[in-house]
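For clarity, chains are labelled A, B, C and D in written order, and residue numbers in each chain start from 1.
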Amino acid sequence: MKLDMQEYFLACSVKVRFVETDANGHMSHLSPVIYMEQARTELVLALGMGDLAKGETFFLAKQSVEYKKQAYFYDTIDIYCRVASYSKTTLEIEYVMVNQKDEIIVTAAASFVYYDANKQRVMRLPQDLQERIDALKQKPLLQHS
Amino acid sequence: MKLDMQEYFLACSVKVRFVETDANGHMSHLSPVIYMEQARTELVLALGMGDLAKGETFFLAKQSVEYKKQAYFYDTIDIYCRVASYSKTTLEIEYVMVNQKDEIIVTAAASFVYYDANKQRVMRLPQDLQERIDALKQKPLLQHS
Amino acid sequence: MKLDMQEYFLACSVKVRFVETDANGHMSHLSPVIYMEQARTELVLALGMGDLAKGETFFLAKQSVEYKKQAYFYDTIDIYCRVASYSKTTLEIEYVMVNQKDEIIVTAAASFVYYDANKQRVMRLPQDLQERIDALKQKPLLQHS
Amino acid sequence: MKLDMQEYFLACSVKVRFVETDANGHMSHLSPVIYMEQARTELVLALGMGDLAKGETFFLAKQSVEYKKQAYFYDTIDIYCRVASYSKTTLEIEYVMVNQKDEIIVTAAASFVYYDANKQRVMRLPQDLQERIDALKQKPLLQHS
(Lines give C-alpha, C1' and ligand atoms only; values in the text may rest on other atoms or scores of the structure.)
Protein backbone atom coordinates (compact mmCIF):
# COMPACT_ATOMS: atom_id res chain seq x y z
CA MET A 1 0.00 0.00 0.00
CA LYS A 2 1.32 3.38 -0.98
CA LEU A 3 -0.16 6.02 1.28
CA ASP A 4 -1.08 9.36 -0.17
CA MET A 5 -0.01 11.31 2.87
CA GLN A 6 -1.15 14.58 1.35
CA GLU A 7 -4.72 13.74 2.34
CA TYR A 8 -3.68 13.44 5.97
CA PHE A 9 -3.12 16.15 8.51
CA LEU A 10 -1.02 15.94 11.65
CA ALA A 11 -3.55 15.54 14.46
CA CYS A 12 -1.03 15.20 17.28
CA SER A 13 2.42 14.08 18.19
CA VAL A 14 3.24 11.94 21.23
CA LYS A 15 6.30 10.57 23.01
CA VAL A 16 5.95 6.94 24.02
CA ARG A 17 5.67 6.90 27.81
CA PHE A 18 7.40 4.20 29.84
CA VAL A 19 4.05 2.90 31.10
CA GLU A 20 3.05 2.54 27.44
CA THR A 21 5.72 -0.11 26.90
CA ASP A 22 5.38 -3.76 27.96
CA ALA A 23 7.64 -6.63 28.98
CA ASN A 24 8.42 -7.36 25.33
CA GLY A 25 10.65 -4.30 25.62
CA HIS A 26 8.74 -2.09 23.19
CA MET A 27 5.54 -0.07 22.92
CA SER A 28 2.45 -2.03 23.99
CA HIS A 29 -0.11 -2.92 21.33
CA LEU A 30 -2.53 -0.91 23.46
CA SER A 31 -0.72 2.40 23.08
CA PRO A 32 -1.70 3.12 19.43
CA VAL A 33 -5.35 2.72 20.49
CA ILE A 34 -4.77 5.44 23.07
CA TYR A 35 -3.07 7.65 20.48
CA MET A 36 -5.99 7.11 18.08
CA GLU A 37 -8.32 8.55 20.68
CA GLN A 38 -6.09 11.55 21.25
CA ALA A 39 -5.93 12.18 17.48
CA ARG A 40 -9.70 11.83 17.20
CA THR A 41 -10.19 14.49 19.90
CA GLU A 42 -8.10 16.89 17.85
CA LEU A 43 -9.99 15.95 14.69
CA VAL A 44 -13.37 16.54 16.30
CA LEU A 45 -12.23 19.92 17.57
CA ALA A 46 -10.61 20.88 14.29
CA LEU A 47 -13.82 20.03 12.43
CA GLY A 48 -15.76 22.21 14.87
CA MET A 49 -17.88 19.23 15.90
CA GLY A 50 -18.53 17.94 19.35
CA ASP A 51 -18.85 20.16 22.35
CA LEU A 52 -16.42 19.06 25.01
CA ALA A 53 -18.35 20.89 27.70
CA LYS A 54 -21.33 18.63 27.01
CA GLY A 55 -19.34 15.44 26.61
CA GLU A 56 -18.35 13.72 23.42
CA THR A 57 -20.91 13.63 20.66
CA PHE A 58 -19.32 10.77 18.74
CA PHE A 59 -19.70 7.14 19.57
CA LEU A 60 -17.08 4.73 18.42
CA ALA A 61 -18.70 1.88 16.51
CA LYS A 62 -15.57 0.00 15.50
CA GLN A 63 -11.84 0.35 15.18
CA SER A 64 -8.98 -1.65 13.73
CA VAL A 65 -5.21 -1.40 14.04
CA GLU A 66 -2.38 -2.85 11.96
CA TYR A 67 1.04 -3.09 13.55
CA LYS A 68 3.75 -2.49 10.93
CA LYS A 69 6.84 -1.85 12.99
CA GLN A 70 7.88 -1.74 16.64
CA ALA A 71 8.15 1.51 18.51
CA TYR A 72 10.13 2.06 21.70
CA PHE A 73 10.14 4.09 24.87
CA TYR A 74 10.59 7.80 24.22
CA ASP A 75 10.09 7.50 20.46
CA THR A 76 8.25 10.45 19.00
CA ILE A 77 5.19 9.30 17.08
CA ASP A 78 3.28 11.61 14.76
CA ILE A 79 -0.37 10.64 14.31
CA TYR A 80 -1.82 11.66 10.98
CA CYS A 81 -5.56 11.44 10.29
CA ARG A 82 -7.92 11.83 7.42
CA VAL A 83 -11.68 11.60 7.01
CA ALA A 84 -11.88 8.64 4.65
CA SER A 85 -15.63 8.90 4.06
CA TYR A 86 -18.87 9.85 5.72
CA SER A 87 -22.58 9.23 5.41
CA LYS A 88 -25.55 11.07 6.95
CA THR A 89 -24.70 9.99 10.47
CA THR A 90 -21.33 8.24 10.38
CA LEU A 91 -17.73 9.24 9.92
CA GLU A 92 -14.86 6.99 8.83
CA ILE A 93 -11.41 8.06 9.96
CA GLU A 94 -8.07 6.63 8.92
CA TYR A 95 -4.84 7.01 10.84
CA VAL A 96 -1.17 6.65 10.00
CA MET A 97 1.44 6.72 12.77
CA VAL A 98 4.98 7.63 11.81
CA ASN A 99 8.15 7.49 13.91
CA GLN A 100 11.02 9.98 13.96
CA LYS A 101 12.73 8.10 11.09
CA ASP A 102 9.63 8.65 8.92
CA GLU A 103 8.74 4.98 9.10
CA ILE A 104 5.12 3.95 9.28
CA ILE A 105 4.64 1.97 12.49
CA VAL A 106 0.85 1.69 12.59
CA THR A 107 -2.10 2.17 10.26
CA ALA A 108 -5.59 2.20 11.69
CA ALA A 109 -9.22 3.03 11.01
CA ALA A 110 -12.30 3.86 13.07
CA SER A 111 -16.01 4.37 12.45
CA PHE A 112 -18.01 6.84 14.49
CA VAL A 113 -21.69 7.58 14.84
CA TYR A 114 -22.66 11.16 15.52
CA TYR A 115 -24.85 11.17 18.59
CA ASP A 116 -26.75 13.50 20.88
CA ALA A 117 -26.06 12.12 24.34
CA ASN A 118 -28.80 14.17 25.99
CA LYS A 119 -31.56 13.16 23.58
CA GLN A 120 -29.95 9.72 23.25
CA ARG A 121 -30.29 9.54 19.52
CA VAL A 122 -28.21 9.50 16.41
CA MET A 123 -27.70 12.94 14.85
CA ARG A 124 -27.09 14.09 11.32
CA LEU A 125 -23.58 15.26 10.62
CA PRO A 126 -23.30 19.01 9.94
CA GLN A 127 -24.53 20.06 6.48
CA ASP A 128 -21.27 21.78 5.72
CA LEU A 129 -19.05 18.85 6.73
CA GLN A 130 -17.37 18.63 3.33
CA GLU A 131 -16.31 22.26 3.61
CA ARG A 132 -14.97 21.69 7.09
CA ILE A 133 -13.01 18.66 5.93
CA ASP A 134 -11.62 20.58 2.98
CA ALA A 135 -10.62 23.44 5.26
CA LEU A 136 -8.84 21.00 7.56
CA LYS A 137 -6.84 19.54 4.68
CA GLN A 138 -5.26 22.94 4.18
CA LYS A 139 -3.53 22.96 7.55
CA PRO A 140 -1.50 20.82 9.86
CA LEU A 141 -3.41 20.67 13.12
CA LEU A 142 -0.60 20.12 15.56
CA GLN A 143 0.25 23.77 15.92
CA HIS A 144 -3.14 24.58 17.50
CA SER A 145 -2.89 22.33 20.45
CA MET B 1 -25.21 -11.98 12.92
CA LYS B 2 -26.06 -15.16 14.74
CA LEU B 3 -23.00 -16.41 16.60
CA ASP B 4 -22.40 -20.11 16.91
CA MET B 5 -21.18 -19.87 20.47
CA GLN B 6 -20.51 -23.59 20.62
CA GLU B 7 -17.23 -23.02 18.81
CA TYR B 8 -16.09 -20.63 21.51
CA PHE B 9 -14.61 -21.38 24.90
CA LEU B 10 -14.58 -19.11 27.92
CA ALA B 11 -11.04 -17.75 28.07
CA CYS B 12 -11.54 -15.50 31.06
CA SER B 13 -14.04 -13.44 32.96
CA VAL B 14 -13.39 -9.89 34.17
CA LYS B 15 -15.11 -7.26 36.27
CA VAL B 16 -14.94 -3.78 34.74
CA ARG B 17 -12.59 -1.76 36.95
CA PHE B 18 -13.35 1.85 37.74
CA VAL B 19 -10.18 2.98 35.95
CA GLU B 20 -11.50 1.13 32.91
CA THR B 21 -14.45 3.53 32.63
CA ASP B 22 -14.25 7.01 31.15
CA ALA B 23 -16.04 10.35 31.51
CA ASN B 24 -18.85 9.14 29.26
CA GLY B 25 -19.93 7.18 32.35
CA HIS B 26 -19.33 3.71 30.93
CA MET B 27 -16.52 1.31 30.05
CA SER B 28 -13.80 2.92 27.94
CA HIS B 29 -13.38 1.74 24.35
CA LEU B 30 -9.87 0.80 25.41
CA SER B 31 -10.93 -1.80 27.97
CA PRO B 32 -12.03 -4.52 25.53
CA VAL B 33 -8.58 -4.30 23.93
CA ILE B 34 -7.09 -5.04 27.35
CA TYR B 35 -9.51 -7.94 27.85
CA MET B 36 -8.60 -9.33 24.42
CA GLU B 37 -4.99 -9.54 25.53
CA GLN B 38 -5.92 -11.30 28.75
CA ALA B 39 -8.05 -13.80 26.82
CA ARG B 40 -5.24 -14.37 24.33
CA THR B 41 -2.85 -15.19 27.17
CA GLU B 42 -5.22 -17.89 28.36
CA LEU B 43 -5.66 -19.17 24.81
CA VAL B 44 -1.91 -19.41 24.23
CA LEU B 45 -1.48 -21.30 27.49
CA ALA B 46 -4.46 -23.54 26.86
CA LEU B 47 -3.08 -24.45 23.44
CA GLY B 48 0.25 -25.29 25.06
CA MET B 49 1.99 -22.70 22.91
CA GLY B 50 4.19 -19.88 24.05
CA ASP B 51 6.55 -20.20 26.95
CA LEU B 52 5.87 -17.45 29.41
CA ALA B 53 9.30 -17.91 30.98
CA LYS B 54 10.89 -16.93 27.67
CA GLY B 55 8.46 -14.15 26.83
CA GLU B 56 5.57 -14.29 24.44
CA THR B 57 6.09 -16.11 21.19
CA PHE B 58 3.21 -14.47 19.36
CA PHE B 59 3.30 -11.11 17.69
CA LEU B 60 0.10 -9.26 17.15
CA ALA B 61 -0.19 -8.23 13.50
CA LYS B 62 -3.62 -6.64 13.59
CA GLN B 63 -6.74 -6.42 15.68
CA SER B 64 -10.23 -5.01 15.29
CA VAL B 65 -13.06 -4.36 17.73
CA GLU B 66 -16.77 -3.77 17.22
CA TYR B 67 -18.71 -2.10 20.01
CA LYS B 68 -22.24 -3.49 20.21
CA LYS B 69 -23.45 -2.34 23.58
CA GLN B 70 -22.22 -0.26 26.50
CA ALA B 71 -20.79 -1.87 29.59
CA TYR B 72 -20.51 -0.25 33.00
CA PHE B 73 -18.38 -0.23 36.10
CA TYR B 74 -18.40 -3.54 37.94
CA ASP B 75 -20.18 -5.40 35.13
CA THR B 76 -18.95 -8.94 34.78
CA ILE B 77 -17.77 -9.59 31.23
CA ASP B 78 -17.10 -13.10 29.93
CA ILE B 79 -14.58 -13.21 27.09
CA TYR B 80 -15.09 -16.11 24.73
CA CYS B 81 -12.51 -17.00 22.08
CA ARG B 82 -12.13 -19.29 19.16
CA VAL B 83 -9.39 -20.02 16.68
CA ALA B 84 -11.10 -18.91 13.49
CA SER B 85 -8.35 -20.13 11.17
CA TYR B 86 -4.63 -20.66 10.91
CA SER B 87 -1.92 -21.00 8.31
CA LYS B 88 1.67 -22.25 8.62
CA THR B 89 2.76 -19.29 10.71
CA THR B 90 -0.32 -17.26 11.60
CA LEU B 91 -3.31 -17.66 13.86
CA GLU B 92 -6.64 -15.85 13.56
CA ILE B 93 -8.60 -15.48 16.79
CA GLU B 94 -12.15 -14.25 17.23
CA TYR B 95 -13.60 -12.93 20.45
CA VAL B 96 -17.10 -12.41 21.79
CA MET B 97 -17.65 -10.48 25.03
CA VAL B 98 -20.87 -11.09 26.90
CA ASN B 99 -22.27 -9.26 29.92
CA GLN B 100 -24.10 -10.74 32.91
CA LYS B 101 -27.43 -10.42 31.05
CA ASP B 102 -26.05 -12.61 28.26
CA GLU B 103 -25.91 -9.67 25.88
CA ILE B 104 -23.05 -9.42 23.41
CA ILE B 105 -21.26 -6.15 24.08
CA VAL B 106 -18.19 -6.56 21.87
CA THR B 107 -17.03 -8.76 19.01
CA ALA B 108 -13.41 -8.66 17.98
CA ALA B 109 -10.70 -10.37 15.95
CA ALA B 110 -6.92 -10.52 15.98
CA SER B 111 -4.17 -11.96 13.79
CA PHE B 112 -0.97 -13.27 15.29
CA VAL B 113 2.33 -14.38 13.85
CA TYR B 114 4.16 -17.15 15.67
CA TYR B 115 7.65 -15.94 16.37
CA ASP B 116 10.90 -16.98 18.00
CA ALA B 117 12.01 -13.86 19.84
CA ASN B 118 15.53 -15.20 20.43
CA LYS B 119 16.22 -16.16 16.83
CA GLN B 120 14.11 -13.20 15.67
CA ARG B 121 12.28 -15.12 13.02
CA VAL B 122 8.85 -16.35 12.22
CA MET B 123 8.18 -19.93 13.36
CA ARG B 124 5.92 -22.65 12.11
CA LEU B 125 2.90 -23.36 14.26
CA PRO B 126 2.97 -26.74 16.01
CA GLN B 127 2.20 -29.70 13.72
CA ASP B 128 -0.54 -30.92 16.01
CA LEU B 129 -2.28 -27.55 16.30
CA GLN B 130 -5.59 -28.87 14.98
CA GLU B 131 -5.62 -31.50 17.73
CA ARG B 132 -4.84 -28.91 20.36
CA ILE B 133 -7.64 -26.70 19.09
CA ASP B 134 -10.06 -29.61 19.06
CA ALA B 135 -9.06 -30.51 22.60
CA LEU B 136 -9.64 -26.95 23.71
CA LYS B 137 -13.14 -26.94 22.25
CA GLN B 138 -14.05 -29.70 24.67
CA LYS B 139 -13.57 -27.57 27.77
CA PRO B 140 -14.31 -24.20 29.20
CA LEU B 141 -10.97 -22.66 30.13
CA LEU B 142 -11.98 -20.36 32.92
CA GLN B 143 -11.82 -22.97 35.62
CA HIS B 144 -8.04 -23.42 35.25
CA SER B 145 -7.03 -19.92 36.01
CA MET C 1 7.95 -4.19 59.82
CA LYS C 2 6.06 -7.23 60.94
CA LEU C 3 2.55 -7.12 59.53
CA ASP C 4 -0.30 -8.41 61.59
CA MET C 5 -2.11 -9.98 58.66
CA GLN C 6 -4.98 -11.07 60.86
CA GLU C 7 -6.40 -7.57 60.71
CA TYR C 8 -6.52 -7.74 56.94
CA PHE C 9 -9.10 -9.38 54.71
CA LEU C 10 -8.62 -10.53 51.15
CA ALA C 11 -10.33 -7.86 49.04
CA CYS C 12 -9.45 -9.34 45.66
CA SER C 13 -6.97 -11.41 43.76
CA VAL C 14 -5.57 -10.43 40.36
CA LYS C 15 -3.33 -11.94 37.71
CA VAL C 16 -0.79 -9.46 36.34
CA ARG C 17 -1.86 -8.68 32.77
CA PHE C 18 0.73 -8.32 30.04
CA VAL C 19 -0.28 -4.67 29.51
CA GLU C 20 0.43 -4.16 33.21
CA THR C 21 4.12 -4.91 32.68
CA ASP C 22 6.64 -2.45 31.25
CA ALA C 23 9.89 -2.54 29.30
CA ASN C 24 11.82 -3.26 32.51
CA GLY C 25 10.42 -6.78 32.09
CA HIS C 26 8.25 -6.78 35.19
CA MET C 27 5.00 -5.34 36.55
CA SER C 28 4.73 -1.59 36.03
CA HIS C 29 4.79 0.63 39.13
CA LEU C 30 1.35 1.79 37.97
CA SER C 31 -0.31 -1.61 38.32
CA PRO C 32 -0.49 -1.71 42.14
CA VAL C 33 -2.32 1.64 42.01
CA ILE C 34 -4.89 -0.01 39.75
CA TYR C 35 -5.15 -2.98 42.10
CA MET C 36 -5.63 -0.64 45.06
CA GLU C 37 -8.68 0.81 43.34
CA GLN C 38 -10.10 -2.63 42.64
CA ALA C 39 -9.57 -3.62 46.29
CA ARG C 40 -11.18 -0.39 47.48
CA THR C 41 -14.27 -1.11 45.39
CA GLU C 42 -14.63 -4.43 47.14
CA LEU C 43 -14.04 -2.83 50.51
CA VAL C 44 -16.69 -0.17 49.92
CA LEU C 45 -19.19 -2.83 48.87
CA ALA C 46 -18.28 -5.13 51.72
CA LEU C 47 -18.81 -2.32 54.21
CA GLY C 48 -22.19 -1.63 52.65
CA MET C 49 -21.13 1.92 51.82
CA GLY C 50 -21.29 3.64 48.47
CA ASP C 51 -24.08 3.06 46.04
CA LEU C 52 -22.62 2.06 42.71
CA ALA C 53 -25.85 3.00 40.91
CA LYS C 54 -25.35 6.61 42.04
CA GLY C 55 -21.61 6.76 41.46
CA GLU C 56 -18.86 6.49 44.04
CA THR C 57 -19.37 8.23 47.32
CA PHE C 58 -15.72 8.28 48.31
CA PHE C 59 -13.16 10.73 47.12
CA LEU C 60 -9.55 9.77 47.22
CA ALA C 61 -7.59 12.45 49.08
CA LYS C 62 -4.17 10.83 49.00
CA GLN C 63 -2.44 7.54 48.42
CA SER C 64 1.05 6.14 48.79
CA VAL C 65 2.74 2.96 47.58
CA GLU C 66 5.91 1.18 48.67
CA TYR C 67 7.49 -1.27 46.25
CA LYS C 68 9.06 -4.16 48.15
CA LYS C 69 9.64 -6.76 45.47
CA GLN C 70 9.16 -7.17 41.73
CA ALA C 71 6.17 -8.95 40.31
CA TYR C 72 5.94 -10.44 36.84
CA PHE C 73 3.49 -11.18 34.07
CA TYR C 74 0.87 -13.71 35.09
CA ASP C 75 1.80 -13.64 38.76
CA THR C 76 -1.19 -14.00 41.02
CA ILE C 77 -1.36 -11.12 43.49
CA ASP C 78 -3.64 -11.17 46.51
CA ILE C 79 -4.64 -7.71 47.71
CA TYR C 80 -5.37 -7.55 51.42
CA CYS C 81 -6.97 -4.49 53.01
CA ARG C 82 -7.79 -3.16 56.41
CA VAL C 83 -9.42 -0.04 57.72
CA ALA C 84 -6.52 1.47 59.63
CA SER C 85 -8.54 4.29 61.17
CA TYR C 86 -11.42 6.63 60.54
CA SER C 87 -12.78 9.96 61.70
CA LYS C 88 -16.20 11.57 61.24
CA THR C 89 -15.78 11.96 57.49
CA THR C 90 -12.57 10.19 56.47
CA LEU C 91 -11.40 6.62 56.14
CA GLU C 92 -7.79 5.40 56.14
CA ILE C 93 -7.16 2.14 54.34
CA GLU C 94 -3.99 0.07 54.30
CA TYR C 95 -3.11 -2.51 51.69
CA VAL C 96 -0.70 -5.41 51.51
CA MET C 97 -0.09 -7.20 48.21
CA VAL C 98 1.24 -10.73 48.35
CA ASN C 99 2.46 -12.94 45.52
CA GLN C 100 1.90 -16.68 45.07
CA LYS C 101 5.05 -17.42 47.13
CA ASP C 102 3.55 -15.49 50.06
CA GLU C 103 6.03 -12.67 49.63
CA ILE C 104 4.92 -9.11 50.24
CA ILE C 105 5.49 -7.17 47.02
CA VAL C 106 3.74 -3.91 47.85
CA THR C 107 2.40 -2.09 50.89
CA ALA C 108 0.19 0.93 50.42
CA ALA C 109 -2.18 3.34 52.10
CA ALA C 110 -4.98 5.64 51.03
CA SER C 111 -7.18 8.30 52.62
CA PHE C 112 -10.75 8.83 51.51
CA VAL C 113 -13.34 11.46 52.22
CA TYR C 114 -16.96 10.33 52.28
CA TYR C 115 -18.89 12.52 49.90
CA ASP C 116 -22.35 13.06 48.50
CA ALA C 117 -21.74 13.72 44.83
CA ASN C 118 -25.28 15.02 44.23
CA LYS C 119 -25.27 17.51 47.09
CA GLN C 120 -21.56 18.10 46.53
CA ARG C 121 -20.65 17.99 50.16
CA VAL C 122 -18.74 15.90 52.61
CA MET C 123 -20.86 13.35 54.45
CA ARG C 124 -20.59 11.73 57.82
CA LEU C 125 -19.53 8.11 57.78
CA PRO C 126 -22.25 5.67 58.88
CA GLN C 127 -22.88 5.58 62.62
CA ASP C 128 -22.39 1.85 62.75
CA LEU C 129 -19.10 1.85 60.83
CA GLN C 130 -17.17 0.14 63.63
CA GLU C 131 -19.65 -2.74 63.59
CA ARG C 132 -19.38 -3.03 59.83
CA ILE C 133 -15.60 -3.08 60.03
CA ASP C 134 -15.70 -5.70 62.77
CA ALA C 135 -18.09 -7.81 60.70
CA LEU C 136 -15.75 -7.56 57.73
CA LYS C 137 -12.80 -8.77 59.78
CA GLN C 138 -14.63 -12.04 60.32
CA LYS C 139 -14.58 -13.02 56.66
CA PRO C 140 -12.36 -13.15 53.62
CA LEU C 141 -14.08 -11.08 50.95
CA LEU C 142 -12.76 -12.74 47.86
CA GLN C 143 -15.34 -15.46 47.77
CA HIS C 144 -18.21 -12.99 47.21
CA SER C 145 -17.02 -11.48 44.01
CA MET D 1 1.57 24.95 52.51
CA LYS D 2 3.11 27.70 50.50
CA LEU D 3 5.17 26.22 47.70
CA ASP D 4 8.38 27.87 46.70
CA MET D 5 7.89 27.25 43.01
CA GLN D 6 11.23 28.81 42.18
CA GLU D 7 12.94 25.56 43.17
CA TYR D 8 10.89 23.66 40.61
CA PHE D 9 11.43 23.35 36.89
CA LEU D 10 8.83 22.48 34.29
CA ALA D 11 9.51 18.83 33.43
CA CYS D 12 6.64 18.39 30.99
CA SER D 13 3.19 19.53 30.07
CA VAL D 14 0.33 17.16 29.24
CA LYS D 15 -3.24 17.39 28.01
CA VAL D 16 -5.60 15.07 29.90
CA ARG D 17 -6.61 12.33 27.47
CA PHE D 18 -10.16 11.03 27.41
CA VAL D 19 -8.96 7.57 28.47
CA GLU D 20 -7.36 9.25 31.47
CA THR D 21 -10.78 10.27 32.80
CA ASP D 22 -13.17 7.94 34.63
CA ALA D 23 -16.90 7.59 35.19
CA ASN D 24 -16.79 10.25 37.90
CA GLY D 25 -16.55 12.65 34.95
CA HIS D 26 -13.05 13.91 35.69
CA MET D 27 -9.42 12.85 35.49
CA SER D 28 -8.78 9.44 37.05
CA HIS D 29 -6.69 9.27 40.23
CA LEU D 30 -4.35 7.09 38.18
CA SER D 31 -3.42 9.76 35.64
CA PRO D 32 -1.16 11.86 37.89
CA VAL D 33 0.86 8.70 38.59
CA ILE D 34 1.37 8.38 34.83
CA TYR D 35 2.35 12.03 34.58
CA MET D 36 4.83 11.60 37.45
CA GLU D 37 6.59 8.93 35.43
CA GLN D 38 6.73 11.12 32.35
CA ALA D 39 8.15 13.99 34.40
CA ARG D 40 10.69 11.68 35.98
CA THR D 41 11.90 10.56 32.56
CA GLU D 42 12.57 14.18 31.66
CA LEU D 43 14.28 14.76 34.99
CA VAL D 44 16.57 11.77 34.56
CA LEU D 45 17.52 12.93 31.06
CA ALA D 46 17.96 16.53 32.13
CA LEU D 47 20.29 15.44 34.94
CA GLY D 48 22.30 13.41 32.43
CA MET D 49 21.62 10.24 34.41
CA GLY D 50 20.15 7.04 33.14
CA ASP D 51 20.92 5.66 29.73
CA LEU D 52 17.70 4.96 27.91
CA ALA D 53 19.47 2.62 25.50
CA LYS D 54 20.33 0.36 28.44
CA GLY D 55 17.00 0.66 30.21
CA GLU D 56 16.21 2.76 33.24
CA THR D 57 18.81 2.99 35.94
CA PHE D 58 16.45 4.17 38.65
CA PHE D 59 14.17 1.96 40.67
CA LEU D 60 11.13 3.47 42.22
CA ALA D 61 11.07 2.62 45.93
CA LYS D 62 7.95 4.55 46.92
CA GLN D 63 5.64 7.27 45.75
CA SER D 64 2.77 9.27 47.18
CA VAL D 65 0.15 11.54 45.66
CA GLU D 66 -2.15 14.17 47.17
CA TYR D 67 -5.22 15.18 45.21
CA LYS D 68 -5.96 18.86 45.73
CA LYS D 69 -8.40 19.68 42.97
CA GLN D 70 -10.19 17.91 40.13
CA ALA D 71 -8.90 18.08 36.58
CA TYR D 72 -10.95 17.40 33.48
CA PHE D 73 -10.66 16.06 29.96
CA TYR D 74 -8.43 18.20 27.76
CA ASP D 75 -7.12 20.30 30.64
CA THR D 76 -3.50 21.26 30.20
CA ILE D 77 -1.45 20.18 33.21
CA ASP D 78 2.08 21.41 33.80
CA ILE D 79 4.19 19.04 35.87
CA TYR D 80 6.90 20.76 37.88
CA CYS D 81 9.64 18.79 39.64
CA ARG D 82 12.45 19.36 42.04
CA VAL D 83 15.10 17.20 43.62
CA ALA D 84 14.10 17.54 47.27
CA SER D 85 17.11 15.67 48.64
CA TYR D 86 19.53 12.88 47.88
CA SER D 87 21.87 10.52 49.65
CA LYS D 88 24.68 8.31 48.31
CA THR D 89 22.31 6.05 46.39
CA THR D 90 18.82 7.56 46.58
CA LEU D 91 17.04 10.53 45.11
CA GLU D 92 13.90 12.19 46.49
CA ILE D 93 11.77 14.02 43.94
CA GLU D 94 8.81 16.28 44.57
CA TYR D 95 6.16 17.17 42.04
CA VAL D 96 3.58 19.92 41.70
CA MET D 97 0.91 19.73 39.00
CA VAL D 98 -0.75 22.95 37.94
CA ASN D 99 -3.74 23.48 35.64
CA GLN D 100 -4.22 26.22 33.05
CA LYS D 101 -5.74 28.51 35.71
CA ASP D 102 -2.53 28.21 37.75
CA GLU D 103 -4.26 26.13 40.39
CA ILE D 104 -2.36 23.31 42.07
CA ILE D 105 -4.27 20.10 41.41
CA VAL D 106 -1.77 17.53 42.69
CA THR D 107 1.34 17.42 44.84
CA ALA D 108 3.41 14.27 44.92
CA ALA D 109 6.72 12.74 45.95
CA ALA D 110 8.81 9.75 44.94
CA SER D 111 11.96 8.02 46.16
CA PHE D 112 14.33 6.34 43.75
CA VAL D 113 17.31 4.07 44.16
CA TYR D 114 20.06 4.38 41.58
CA TYR D 115 20.71 0.93 40.20
CA ASP D 116 22.83 -0.91 37.67
CA ALA D 117 20.42 -3.34 36.05
CA ASN D 118 23.19 -5.37 34.43
CA LYS D 119 25.24 -5.87 37.58
CA GLN D 120 22.02 -5.97 39.60
CA ARG D 121 23.28 -3.74 42.34
CA VAL D 122 22.70 -0.36 43.82
CA MET D 123 24.97 2.34 42.40
CA ARG D 124 26.36 5.56 43.81
CA LEU D 125 24.81 8.69 42.41
CA PRO D 126 27.18 10.77 40.25
CA GLN D 127 29.78 12.73 42.24
CA ASP D 128 28.76 15.96 40.56
CA LEU D 129 25.03 15.56 41.18
CA GLN D 130 24.72 18.81 43.10
CA GLU D 131 26.19 20.69 40.12
CA ARG D 132 23.81 18.98 37.75
CA ILE D 133 20.85 19.83 39.97
CA ASP D 134 21.99 23.43 40.23
CA ALA D 135 22.36 23.62 36.45
CA LEU D 136 18.85 22.25 36.02
CA LYS D 137 17.39 24.89 38.33
CA GLN D 138 18.56 27.54 35.87
CA LYS D 139 16.28 26.39 33.07
CA PRO D 140 12.77 25.26 32.36
CA LEU D 141 13.06 21.79 30.85
CA LEU D 142 9.97 21.72 28.72
CA GLN D 143 11.58 23.40 25.76
CA HIS D 144 14.04 20.50 25.21
CA SER D 145 11.58 17.76 24.68
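Operating definition for what follows: contacts are C-beta pairs under 8 Å (C-beta built on N, C-alpha and C of every residue); 3 or more make two chains touch, one makes a residue touch a chain.
None of these values were measured; they are calculated from a predicted model.
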Please tell me whether A-D or A-B has the greater number of C-beta pairs in contact. A-B
State the chain with the largest centre-to-centre distance from chain D, centres being mean CA positions. B
Let me have the rounded angstrom distance from the C-alpha centre of chain A over to the C-alpha centre of chain B, please. 25
Chain-centre distance (mean CA atoms) for chain A and chain D, in whole Å, is 28
Spell out, as numbers or ranges, the residues of chain C touching 2 or more other chains. 18-19, 23-24, 30, 34, 37, 56, 73
List the residues on chain D that touch chain C in their complex, please. 23-24, 29-30, 33-34, 37, 55-56, 59-67, 117
Could you please specify the touching residues of chain D with respect to chain A in the complex? 15, 17-19, 34, 37-38, 41, 52, 56, 73-74, 145
The chain D residues in contact with chain B across the complex are 18-19, 21-26, 28, 30, 72-73
